[in-house]
Amino acid sequence: MTVPTQTSPQPGPATANDVVLTVDRLNVMYQVDNPVHAVKDVSLTLRRGEILGLAGESGCGKTTLAYAINRLHKPPAEVTSGSITFHDRGGRDIDLLALENEELRAFRWSKLSMVFQGAMNALNPVISIRAQLEDVLTTHEPKMSKQQRRERCAEVLRLVGVDPARMNSFPHEFSGGMRQRVMIAMALLLDPQVIIMDEPTTALDVVVQRGILQEILRLRDELGYAVIFITHDLPLLLELSDRIAVMLKGEVVEYATAEQIYRLPAHPYTRRLLDSFPSLTGDRGAFLRTGESSARDHATEPDPTKGKRP
Amino acid sequence: MTTLEVRDLVKDFPVRSGLRRSTLRAVDRVSFTLVPGRTVALVGESGSGKSTVARMIARLERPSSGRIQAVKSDGQGVSDREYRDHVQMVFQDPFASLNPFHSIEHHLARPLKLHGRGGDRAETRRQVEQLLERVNLTPAEDIAQRRPHELSGGQRQRVAIARALAPGAQVVVADEPVSMLDVSIRLGVLNLLARLQREDDLAVLYITHDLATARHFSDDILVMYRGRVVERGPADDVILNPQHPYTQLLASAAPNPDARGRSRFTAPTEAERAAFGQRAYDHNLGSWVTPDGTPTSEGAPGRERVG
Amino acid sequence: MRYYARKIGFYLVALWAALTLNFLIPRLMPGNPVDILMAKLQQRGGVVDPEARRSYELLLGANTDEPLLSQYFSYLGNMARGDLGVSVSAFPAPVSDVIWQSLPWTIVLVGIATLISFVLGVVLGALVGWRRGTWLDSLVPATTVLSAVPYFWLALILAAIFASALRWFPLLGGYDVSLMPGWNWEFISSAVYYGTLPALTIVISSVGGWLLGMRNMMVSTSSDDYILTAQAKGLREGRIMTRYAARNAVLPSVAGFAISLGFVVSGSIVTEQVFSYPGIGSKLLQAVQNNDYALMQGIFLVITVAVLGANMIVDLLYGVIDPRTRVGN
Amino acid sequence: AAGCTGSANNGGGGAGGTDADTLIVYTGQAGDWQINFNPYSPTMLEGPGTIFEPLFYYNNLSDSEPTPRLGTDFSWNEDGTELTISLRSDATWTDGEPFTAADVEFTLDMVAENPTLNSTGYAGDAEAVDDTTVRITFEEPAYMEEAQILGKLFIVPEHIWADLEDPATNVMENPVGTGPFTLGQFTPQAFTLTANPDYYDGEPALKNVRYVALSGNQSGADALSAGTIDWQTGPVPDIANVSENYPGYEAITVPMNQTTLMTCSNAEMGCTGPQTDQAVRQAIYYAIDRTQLNALAFENTSSEISPGFALLERDAEYISDQLPEPTAPMSPDTARSDELLQGAGWTKGGDGIYAKDGERLSLTVKVVAGWTDYITAVDTMAQQLKAAGIELVAQQVSWNEWSDARGRGEYQLLIDSLYQGPAADPYFLYSYFFSSDTTAPVGEVAQPNFARYSDPAVDEALAALKSINPEDTAARQAQFDVIQTRIAEAMPYIPVLTGGTTSEYHAEKFTGWPTLDNLYAIPAVWSRPDQSQIFLNLKPAS
Amino acid sequence: MTNLTPLTEIADEGAPRAEATAPTAPAKAPRRSGARSLLPRWSPRLAIGLGLVGAISLFGLIGPFLVGDPNAISNIGLAGPSGEHLLGTTQTGQDVLAQLAHATRGSLQIGLLVGVLATALSALFGIIGGYVGGFVDELFSLLSNVMLVIPGLPLVIVISGFVPAAQRGWWTIALVLAITGWAASARVLRAQTLSLRNRDYVAAARVAGERPWRVVSVEILPNLLPVLASQFVFAVIAAILSEAGLSFLGLGASNSSTLGTMLYFAQNGFALQREAWWWFAPPGLLIALFGCGLSLINFSIDEIINPRLRTATAAKRSARKTTRSTAA
């Protein structure tokens, strides 16, 4: 299955100014008794304001990649080779792997923030939302006055549709969807250029999920940050993102625009993934009810009604 | 052949908030019938009471009122003692529904023994292997000796299905049987369930919140909202021609690659949400009814259908 | 509110159960409280006259002809009125006097020592748990060895070294006996000086438990998502450790602290024995050895109330430090 | 008011450094103090002799004349039914009131009328003849009551005590007495007795006595080695070498009480077990290796014992020459014990233990848990008796249980000691432990004839002794002969050794301590009023 | 309220999820099978712990047969270690080593019995209460809470005074310690059971028609084994220490020989003051070493109960092994 990856699908011309993050042949290993090569030779570019989807089944290395980009990986995880470069707004290039403690700390969240897989648990249960929001500001913007801080927190909460009046509440007093919104608000606090979202809506109800996704899109349009959106729900990515990278066992096996992936999936694995999501309104036919093998058969059959296959 | 009739099922949970003790009606006057050879899907948002219905059917929870009656093909009711021979359940999480301490064989041999289908040791073993083969877990001898953590999620869920079939159950309740599985293996497990259903003429209650698989996998769909069934009917009718605003909302929220950038979704207001539960649509009757199934003459509540 | 009603209900039932046990247990013990007084009289020579014995029995209400049930009710009535009766071993002092005289010593010595050991253990545990894998980890086995040592053995050896041999600390007692107890600097400093070694032994032998518990919780907490979030937020190490990790990890220890506070009284018996400390523990021992029912019951009451009180305080405190337990909203 | 009483003793702190004229003592009692200076309270802390005085001081260690305290002289009438006491006229109570015969009359009548105070059943009738004379009348001869009344009843001031609601339960926080000391400051960890400047005999040279509270023998020994106490009665490590181990200190051991293996000996009273067989008791007596026992269990502080239970030194003149042996053998005589047992029908079994009618000669010995010397003694004897074919099984129990079992006679053997009376006269011991009057059937509480010994001959002799004038030694000896030979044969209490009471004292700091040559009082802190005699004799060395 | 993470995480963690109907072994390195996964992982700490506990147990088990009569008295009291008496003699010339062997056995007996009894009691009250729920649970947890509130040591003192002397021996003390020592573990077990009770596999067993006692004993109990083991270890340590404490106060197992009574006699014989370290030190050290060994074993059990602790040590190990390239 070692399909050589296109290092740069380049659906459009990418000027140096345009790109905000470059990942080049990144390798991450878990140095355990039987070392796990969790990320293999992954190369990606992220453009300003772009939503980059990262799809793949559980355990393929999506989270590992995301953590490596933010240098959040801990031993036994280890970046064995490759580079990650952040192209700052001013044009300065930052080699993320070379950042030292204090620089790294200052870099985090101010330029690149994250919304985590289990956002339900990403908030400290015993201190108030406000304290957790202000923590970021006191650390990164020590010069801000108390008043300014409070205003900024209220502002981001308003952005994601949470009533700032509830700022003094504790995480358990919010529903899952609201907590996730608070996390997004927190990610926006310092006006970052990149937000990595690791399965931010997987645990949520479809209706709630939809609401949050709309929020992300709207804010992206307003604020212009780039997003790396990680999920295994390919249809969701197809609807949401500009480009998609499909990962399989640590490798990016397909990297193209959403349109391309939907219409012309090149890799068999991508096709299989697409098939795993029956269309809601599409033809029901004999799709599932004729037995197990039929799903695979169906996968190779052209479906004239949808026209999604060559 | 067993039919399961559910009539006016109600479940109240006591909830304590502050000084007051109130009850939460998790399931409110739900009725349906599971017929051999047919699959009924139960869909609805999180917390709408789907699992509670399933747990009452599996007799893990006692209904507050209402009736659950299994009827044999000869028309006789199933007694309490035999109930579990006839009705079984597949749980949502294959990682939690198998005891990490016991081998796969134990998980299958116990129900066989308990329901008097085991016989001697060799016979039990043979039957266990047969069951494993039926769910495509081969070589059966090897799998039987393993422990749950030595199996993948899909394999475990197959074991869970085999366990539900072990007592010879004719009615199977599957509570979100694939939502914890990886996308690429979900369909495999669902197809297996479908095959077994066809082979044994099972009556299946398929619980999910994924409208797409509900449509493709089942004959009838019930849409639940806050404990009530708000829409029911043949699968295609409900999905392709949803009458109830809540069903419409659900459908519009589902990801749709074709709808790139032009989402039809608008989040409902609380007032709209409150109105959702007031009446229900029955595609079989083709008319609006009260949530407990009595026909009404009124028109559709809430918003007009979008699109 | 219902939560609190339930809690209060629990405390009442527990109190009643404890009171009943307090009543029953001494009555099931062999011997007669008057015997101890008779033995003391006898020590002064002569044969105790049966008349004298009878008059003491009357005086102490130790005649057991009364049915147990009516004894029980009058006992409950007395307890409700705060009348703990007369101590046999300190006859004719009322039990409340005896307890009142010795309780403060125990509370101050053992209470402060327990507090110090808790704080020390939690702080060290947080540090060790946060920096696991460094040399700090070797603290853990070291302190567990110390807590596996029989306390009195350790205390005796430390006393032999620091008091007998090196003479850094006084060996015995609660204060310089040539001083009059009172709120003056001289006395208090003497009490502190005399209390240092006993307190030290308590701290040394109990810090390990806190340390280990906190360390394990800290390790668990360190892998919680919100810690990772905090790191991603670019917060400073120290802040993450204290406000995020330790703040959450300390919760179970606080609950444990409540229970251990309650045992301050009973746990002090051995300490007081080793150091001749004037506390409630030695009174309990005296009560047990002298069949002093009333004193025993009184001390049990104190202990029970202390444990219940400590738990109640922590129940309330828990609402403050762990917002999840707060009711309402 | 806390500071007022503070005399000039705010000197040093912790370890050592106390004023030269303050004697610091530890009584051996565990636990801290609960204030109580009522001399009639069983839980009294201190006072008899020091604050409250008796009429005379009787030295229990030698058969000498009583020392006058508040009394100056006393005399009996012919038949021993009337005791006339002359009192001193120069004594005053510490509150300034004069001491008179009315106080004595009041005290004696108070005791007689108040059973709670009257622990020994004093039944006389006192009458103040004049300011300095009191006469007590009895219904029957009461020679033997003399020491108790004159030596152990402490005179209290009528002008204070007459107003007390209940003298038995009053704790006398501010005791007013005639004694050489008054109560200084009191704290639960220590209290001080201060010399009484107005004492009729002049202010004592010893200015302060501080009693400290410690938690038992261990802490006593520790305090001694730290030099924080000057006098204590209790064991210390390596008793034989106190003067080397604790420079400046000396130790003194006096034989006081006879250690015995008590037996529930009287089958007629309901006792059961092999020990009801006299031969068994005697066999045990002969099989004990007393020399080894003394070395291992008692650090050689015990001494020989007479099977007739007269103290060897003090009562030397009373020891009957009719006894087959005046002292118990110090080395074992298993031939003798074998002979005794076989004579009584016991035969040695395969396990080396005697048996009779299928019953093994196995005896349980109750010993108080915590009395380590006795535990060791029992263990040692068990080893020794095993060689003689007798099995001893030690059973450690709490004091409560032990005293309960002892009182009710529900035991086979137990280890305990016999105690002496108020004066140096073996009569008291015999009347306590060997009289039928002081025993009871098994199941009822005996006080203190725990062995259930009952012998009409002994009872008769005791009755006779009561009415013989103590001056008539020949008449008394005849009775003592009877008693001693009877009890030595029956052996209800198997004599083990005479236990010594050891005290350690700071000889360098104070002079005037009792020595073996001059035992003017029992040198034990807890022995009252002996301690007051010693306080009066002590002088700061510097 | 408990800091223990659910037990199934042991099995879930890192389990292969890739669909593989083929008979191939899972993609990951073969994991230890179910029952064996309940065994602690081998580590130096565990080795030392097992070594200490094993050696001391062996000493208590066969030691008494090898040494002489511990009560045999000789006239050489308080002699230091020598060829004849390897650990010297007591005040009464008894051989310390012989006493130590018998006392170790006595203490181990007490520890073991208390461990078994207290664990059984806590299992009874904790597991049954947690599983059955409702009134029984309320009652049981009230009982254990009351037992927790009622101070243990004084109760032990009082109860041990109550037991008739003739029957009093090491097992009485053990009984008393067990009765007063089960409550805390019952609470932990109850919390665990509550979380296990809601596991799907328990529901599945009920749906399969298993009887309640079988659900408890076959489905729930095995998964509580590590917790029970840890409670047991704690109970043993606590029992030995409490017995020593009681004995020190003179309230212990007076008629039998334990390390506690041995210390008591040493203390009363002024062993410390006479610098007879060979008499005073060994019993205390033995208790300390035994407790230390058990704690070390408990560390390993903790790692089973709380897998996060384990990954921590794994991480530590590899951190030492490899230099972090990310720092470059």
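Chains here go by letter, A, B, C, D and E, matching the order in which they are written, and residues are numbered from 1 within each.
Please note the rule applied: contacts are C-beta pairs under 8 Å (C-beta built on N, C-alpha and C of every residue); 3 or more make two chains touch, one makes a residue touch a chain.
Every value quoted in this text rests on a predicted model; they were computed, and no experiment measured them.
**Q** When you check each chain against subunit B and subunit C, which touch both of them?
**A** A, E
**Q** Determine the shortest chain-contact distance, in steps, between subunit B and subunit D.
**A** 2
**Q** Can you identify which chains form the pair with the largest number of contacting C-beta pairs?
**A** Summing C-beta contacts for every pairing gives the maximum at C-D.
**Q** Could you grab the centroid distance between subunit A and subunit B? Build each centroid from C-alpha atoms only and quote it in angstrom.
**A** 32
**Q** Between subunit D and subunit E, tell me the centre distance in angstrom, where each centre is the average of that chain's C-alpha atoms.
**A** Taking the average C-alpha coordinate of subunit D and of subunit E, the gap between them is 49 Å.
**Q** Once you find the CA centre of subunit B and the CA centre of subunit E, what distance in Å lies between them?
**A** So the centroids are 46 Å from each other.
**Q** Subunit A to subunit D: how many Å between their CA centres?
**A** Once rounded, the distance between the two centres reads 92 Å.
**Q** Could you pull out the residues of subunit B that touch at least 2 other chains?
**A** 136, 182, 184, 188
**Q** At least two other chains touched by the same residue of subunit A: list those residues.
**A** 57-58
**Q** Spell out, as numbers or ranges, the residues of subunit D touching 2 or more other chains.
**A** 222, 225, 398, 400-401
**Q** Quick check on the complex: what are the subunit A residues that touch subunit B?
**A** 57-58, 204-207, 209-211, 214, 232-236, 238-240, 258, 262, 272-273, 275-281, 284, 287-289, 291-292, 294-295
**Q** Give the list of subunit D residues in touch with subunit E in this complex.
**A** Within the complex, subunit D contacts subunit E at residues 217-218, 221-222, 225, 235-238, 292, 295-297, 364, 366, 369-370, 372, 375-376, 379-380, 382-383, 394-398, 400-401, 405.
**Q** Quick check on the complex: what are the subunit B residues that touch subunit E?
**A** The contact residues of subunit B facing subunit E are 55, 58-60, 84, 88-89, 91-93, 95-103, 110-111, 114-115, 136-139, 142-143, 146-155, 160, 163, 166-167, 181-182, 184-185, 188.
**Q** Using the touch definition from the top, list the residues of subunit C that touch subunit E in their complex.
**A** 10, 13-14, 17-18, 21, 25-26, 28-30, 132-133, 137, 141, 144-145, 147-154, 156-157, 160, 213, 216-217, 219-220, 222-223, 252, 255, 259, 262-263, 265-267, 269-270, 273, 284-285, 288, 296, 299-300, 303-304, 307-308, 311
**Q** In the complex of these two chains, what residues of subunit A are touching subunit C?
**A** 70, 72, 104-110, 113-114, 116-119, 121-128, 135-136, 139-140, 169-170, 172-173, 183, 186
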